[in-house]
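Got a structure for you, questions after.
Chains here go by letter, A, B, C, D, E and F, matching the order in which they are written, and residues are numbered from 1 within each.
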Amino acid sequence: MDSGHTAWVLVASALVFFMTPGLAFFYGGLVRAKNVVNTIMYSFMSIAVVSIVWVLWGYSLAFTDGGGLNQWVGGFSAFGLSGIGVDADAGGFPELAFICFQLMFAIITPALITGAFVERFKFTTYLVFLVFWITLVYAPVCHWVWGGGWIADLGALDFAGGTVIHVNAGIAAVAAAMLVGKRRNPGVEPHNVPYVVLGAAILWFGWFGFNAGSELAADGVAASAFLVTNTAAAAAALTWGIISQIRTGKMGAVGVATGAVAGLVAITPASGFVGIYGALAIGIGAGVICFICLELMERSGLDDALAVFAVHGVGGAWGAVATGIFCTAAIGGTAGLIDGNAGQVGIQVASVLATTAYSFVLTIAILFVLDKVPGLGLRVSEPDEDVGLDLAAHGERGTVGDGAD
Amino acid sequence: MDSGHTAWVLVASALVFFMTPGLAFFYGGLVRAKNVVNTIMYSFMSIAVVSIVWVLWGYSLAFTDGGGLNQWVGGFSAFGLSGIGVDADAGGFPELAFICFQLMFAIITPALITGAFVERFKFTTYLVFLVFWITLVYAPVCHWVWGGGWIADLGALDFAGGTVIHVNAGIAAVAAAMLVGKRRNPGVEPHNVPYVVLGAAILWFGWFGFNAGSELAADGVAASAFLVTNTAAAAAALTWGIISQIRTGKMGAVGVATGAVAGLVAITPASGFVGIYGALAIGIGAGVICFICLELMERSGLDDALAVFAVHGVGGAWGAVATGIFCTAAIGGTAGLIDGNAGQVGIQVASVLATTAYSFVLTIAILFVLDKVPGLGLRVSEPDEDVGLDLAAHGERGTVGDGAD
Amino acid sequence: MDSGHTAWVLVASALVFFMTPGLAFFYGGLVRAKNVVNTIMYSFMSIAVVSIVWVLWGYSLAFTDGGGLNQWVGGFSAFGLSGIGVDADAGGFPELAFICFQLMFAIITPALITGAFVERFKFTTYLVFLVFWITLVYAPVCHWVWGGGWIADLGALDFAGGTVIHVNAGIAAVAAAMLVGKRRNPGVEPHNVPYVVLGAAILWFGWFGFNAGSELAADGVAASAFLVTNTAAAAAALTWGIISQIRTGKMGAVGVATGAVAGLVAITPASGFVGIYGALAIGIGAGVICFICLELMERSGLDDALAVFAVHGVGGAWGAVATGIFCTAAIGGTAGLIDGNAGQVGIQVASVLATTAYSFVLTIAILFVLDKVPGLGLRVSEPDEDVGLDLAAHGERGTVGDGAD
Amino acid sequence: MLKVEAIVRPERVNEVVAALQDAGCRGFHYENITGQGIQQGVEVVTGRGGRVASRAAMPKTLIVTVISDDMKEAVIEAIVSSARSEGEGAIGDGKIFMSEISDVVRVRTGERGQDAL
Amino acid sequence: MLKVEAIVRPERVNEVVAALQDAGCRGFHYENITGQGIQQGVEVVTGRGGRVASRAAMPKTLIVTVISDDMKEAVIEAIVSSARSEGEGAIGDGKIFMSEISDVVRVRTGERGQDAL
Amino acid sequence: MLKVEAIVRPERVNEVVAALQDAGCRGFHYENITGQGIQQGVEVVTGRGGRVASRAAMPKTLIVTVISDDMKEAVIEAIVSSARSEGEGAIGDGKIFMSEISDVVRVRTGERGQDAL
């Protein structure tokens, strides 16, 4: 085992871990003040719950051989990580490090979904949802792409999880927004813009681990992934800022931060396969496409409160398709549309559509069942929604002054 | 020297450094709004003061040969790090990197203590306290366990500092709370819950460096330590959340964050010695035990304001004992109670008791003396306590609005 | 290529990246509440804009051979990073990683300048300024020192960018403050002290990547740079705190945080060349010198709002000169004044003066031109300044309560 | 002239403000306060999750508008209809306090009394 | 009916609220304000540690309760005894202002006047 | 005794406070509020950069001082001159509301009425 690669995968795991608290602040700043604790806790509890599910059966379902079902899902042979010792090698670094790294992806994916249903979803139901969604949706899709399943066989490229994480979460968000319904009193302004920017900055910082870490080695491709990740995020942030400046005469920080995240999402599947110009194109494309989609969604009847579909669903789909367009053999070994291999785009589209369909149907099914279970249910009561979920679900207020508290 | 190990130890040092500002926010969010700056500054000034003490004589006292006194404390041979050049090797990586890593542990330990006496301790006295406590308490105990002293000889296991850091700080906190007395007007609610969660998240993030870094190499044991750290923290957070939900019908974010920290504390001594199931047991145990202890302490007469004893003292002691129960030869080379080596538990208990006794007596002695020194003293005046230490000690207010500021 | 060195350079790049959001909060906490978003966005948009400029032509101008002009500036041969593949080696690690690392320096430098003109500078003009300043000021100065230009030939030592980054930004800040003029209603107190400390802590954390990363290898010198960085920062923070305590009877957190940053700035050029005692001297010196300078500047007519000149300009100049005083052959290979090589000080002074002159004149020129361009201009309107730039430039308010928002 | 101080639920502010404007009010201001009435307060979790305490502390919003005497009933009607909870109304819906204003000055022009409203 | 506005030290709010309830007050609200009286203000450090400035800015809490006229003295007594500092009292202990309320409306029921208190 | 409530621009608070002190006011308090008058509000960006909404929400500061009746005109003059924008004044400069205070108590001493001011 190589100590440099091991060090890099461990650091990358820590960086990706840090993204989920970053997301907590990104989302937490966007809601109303009375829901900030609740919104933050959605992300934080994903860490707590998914960490347990992953080491018990999640990793096993995603990454072991599923026998006859192997095209669709892994098996239980590594339940409780049985048989994986400190010497197990995952290709130059410990398999335990790979488990850590993959765990962090599993944590952030359902946390992303929460943006769709903040300010009205029942917290205890969410905890149960996490267990089922990781088991029934995340682990299988992860197996398809990275665990030896059918999408991998198809030859689809997904360097760091454009379909597994972002398309998957983005579609599940639509399903959740549909079933939980609209907020009674959506706020007009985010309650804490510095939190939004802090969260976006932590996400960007952690995303270097997400994308460059996905090379699973400290080498030139990792450095390339690092650089294109940054380039695409910058391009998308700038694009979004310019559109916003043109349309409103002002360059809102929330818009720029959203643009950055959209760029990070879009470059994710492509990060090990494209160069600087590909990254610029993907970033600018993400800025334009996600902006338009977000505007359309706001006009739709669906209350995807924090624009998970527009940013992660559409951004991830654009990134997956763009990977097929801009990938170049010199970097990741596979040529794309621009280099004459048009077929790759079709494969990419197929992987997006399959993930979309599967994730949508299963998320609907899980939520439908949880809604019917006595004592659970999806939506909080009207008085709880009015007083805010910080008090209703957590018995806490975000901030309290001295004296008149 | 191995560049991979060196890179890992340097990164781990940076991660552990970041824990102290994380603690600043964890603690800073828990106090009243008028004491947030003061509480944050306790942690921040520990960085400033201990960094100087460590490179001058702290490291030397902890890690050099103490000659005839070597069982108890090191010597002054490395005063000012004399003789330690850029080529000095600490086992595959530079000794200067080891000094950095150990420094970060020395910084956070007294910062942990401050949770006991926030909102009423005199700030200038604290700065003096730091110098004496590191010299007379931390450096010797560190020497006992890691510097070749008597606890190491005994065969006690402490992978990343359960006794050296957490039991040590937890007991010192009791001593400090006893001598400084109760707050006049303790607040009912934390003034800033997002800060508490931000702090807990940064602590968790940094703790990967703390525990996995303590392997001092980028290898399979480091990866294992990383994974069990995360598992125990998640299990404890979830346990605390569930207890809270059952008892109050609500899942307070502050409770969940406290649970996470308790789990991180408890896994610390065990992190290089136990597997996933040991980590789950340690985490769940930490959740239950620290929760009960915290409740009992709140009913006691002692005003350990931010529950340092319950979380770090008791959590650290539980972790040290649990290390003796769950350690397994397959990971760290030593068998524990479950693997048939009951004696290890006894050794672990002895190391906890010795640390407890020494730290308690010396902390009392140091504070007693500082209380008598003219111009110092432990407690601020009543008006200063009422107006808040941000204004009284720092001439600052945490936040100020425009206009009516 | 060495995987350990590669891992270290990639991690260091991520750490330096994180400094800019850290700076955003450091600066953002210091301004009035109505300008917090704007101040944060100055830093955030530097990431977006400079990232694009750097990969297109910035890196090329700074680090390629400039042919006949090579003493002064590089060329365009690496425009769009053409010809730099994943296998390009920069001395044991990928050149793409070096590009990432250097990019992060280029991002933070103009962000530092913004402290001079916050609360009154026109945001859109700033975005244009970024492009010109990186191209005309940063890239050439960077080339002089690190890209094979005349200062490198002179034998000046600048380990991590004391002149390139800090003197450069500090002088540009003076130029900007002169041209944009004074604020109408400067606030008396920072609006958010926790943000200031959070920002300083993130800066300190990231600075380990900045300085120890500048060794571009995971080795003993990197560890030494890590340790002296921490030592100087701690010494300067403590020095500033003590001065403040003596003069005002209180130890303001903002002062201590400023001291820490001044120490970090001053050790930057010296970090790979000096030992612990040199670091202590540089840190204490930074605390005293920058404190005095800051006080003098506040009495001057110049409204350098957030003391960029005193902290970065003067701190950087002191560090550059101190490098010549305290550098020792045992660590970095070059002897300084204390070791009998008085000439080094002269070389250091020359490099500071050249940077000062060039940066000042060109920054004035760029701003002068931008002021005249129709549609741009340097200063916002009086009503915009009064209502605050958060609303005026971004259409946002930093924080909004529920109900009466 | 009358000062009308209405204490309402924070989530109703937008509705109340709209109703006031419809009723002809051209100026008002508001701020967040903490209140207690029949509705005793809120349950907060203390002891880090071990216990619950009841705090005399419901977040409310205070809306203030100064009007001419003849608008009194219209303004009361506007507030009551926009601030009352669906159905029967609910405890905590708020109160309105009225008091005399003896003089008003418009800073910009120096106008006095009724003209300055 | 009377409006009682009491400015007190923030750290006294819990005591004052308890005393008001004992005196029979069933409704009140409060908020944090910044005040200056004889007690001139606070010292803040400026110049990043170089100087001290005095700010006309003491944090205070304003408690407001509307009561019937006959409760006036009991309420004053309740506030004074709970808000005054130990011993002789201290500068900055606060003030109470009283004014007439001409009408009250309970939003929930539409009740008016004394009944709505 | 009179209660003077002045709504002013936040960036003017320091000037207004200084003018009040020059006019002989020895006590006051202030707080930040949100207001709307002729000046309709502010433009905020919504839809993450896609649209602009107008919010009835200008940040204002409310300064309150209780004075004896004879100071009325001096205090008005002090506020108007310090709060009015340069030149002709501008929309949003603020308003002053005056009302009767029937009694005052100084908590520290129990003094009443005029003496307690």
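Basically, a contact is a pair of C-beta atoms (placed from the backbone, for glycine too) under 8 Å apart; a residue touches a chain by one contact, two chains touch by 3 or more.
Remember, it's a predicted structure, so these values are computed and weren't measured experimentally.
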{"item": "Classification of the chain B:chain C interface as same or different, half of numbers criterion", "value": "different"}
{"item": "Pair from C-E, A-F or C-F with over half of its contact pairs in common with B-E", "value": "C-F"}
{"item": "Rotational angle, Cα trace of chain E fitted to chain F, multiple of 5°", "value": "120"}
{"item": "Centre distance in Å when chain A and chain B are each reduced to the mean of their C-alpha atoms", "value": "33"}
{"item": "Chain D-chain E separation of Cα centroids, rounded to whole Å", "value": "19"}
{"item": "Distance from the mean Cα position of chain D to that of chain B, given in whole angstrom", "value": "49"}
{"item": "For chain A paired with chain D, centre-to-centre distance based on mean C-alpha positions, whole Å", "value": "42"}
{"item": "Per-residue multi-chain contacts in chain C, two or more chains", "value": "2-5, 7-8, 11, 34, 188-189, 241, 248, 250-252, 254, 256, 394-397, 401-402, 404-405"}
{"item": "For chain D, residues that touch 2 or more chains besides their own", "value": "9-11, 30-34, 43-45, 52, 55, 59-60, 62, 90, 99-100"}
{"item": "Pairwise touch network: line, ring, star, complete, or other", "value": "complete"}
{"item": "Residues of chain F defined as touching chain A within the complex", "value": "43-53, 55"}
{"item": "Residues of chain D touching chain C in the complex", "value": "9-11, 13, 30-32, 59-63"}
{"item": "Complex contact set, residues of chain A against chain F", "value": "188-189, 240-241, 243-244, 247-252, 254-256, 258, 291, 294-295, 298, 307"}
{"item": "Residues of chain B that touch chain E when the two form their complex", "value": "34, 184-185, 386-387, 391, 394-397, 404-405"}
{"item": "Chain B residues touching chain F - in the complex, by the definition given at the top", "value": "401-405"}
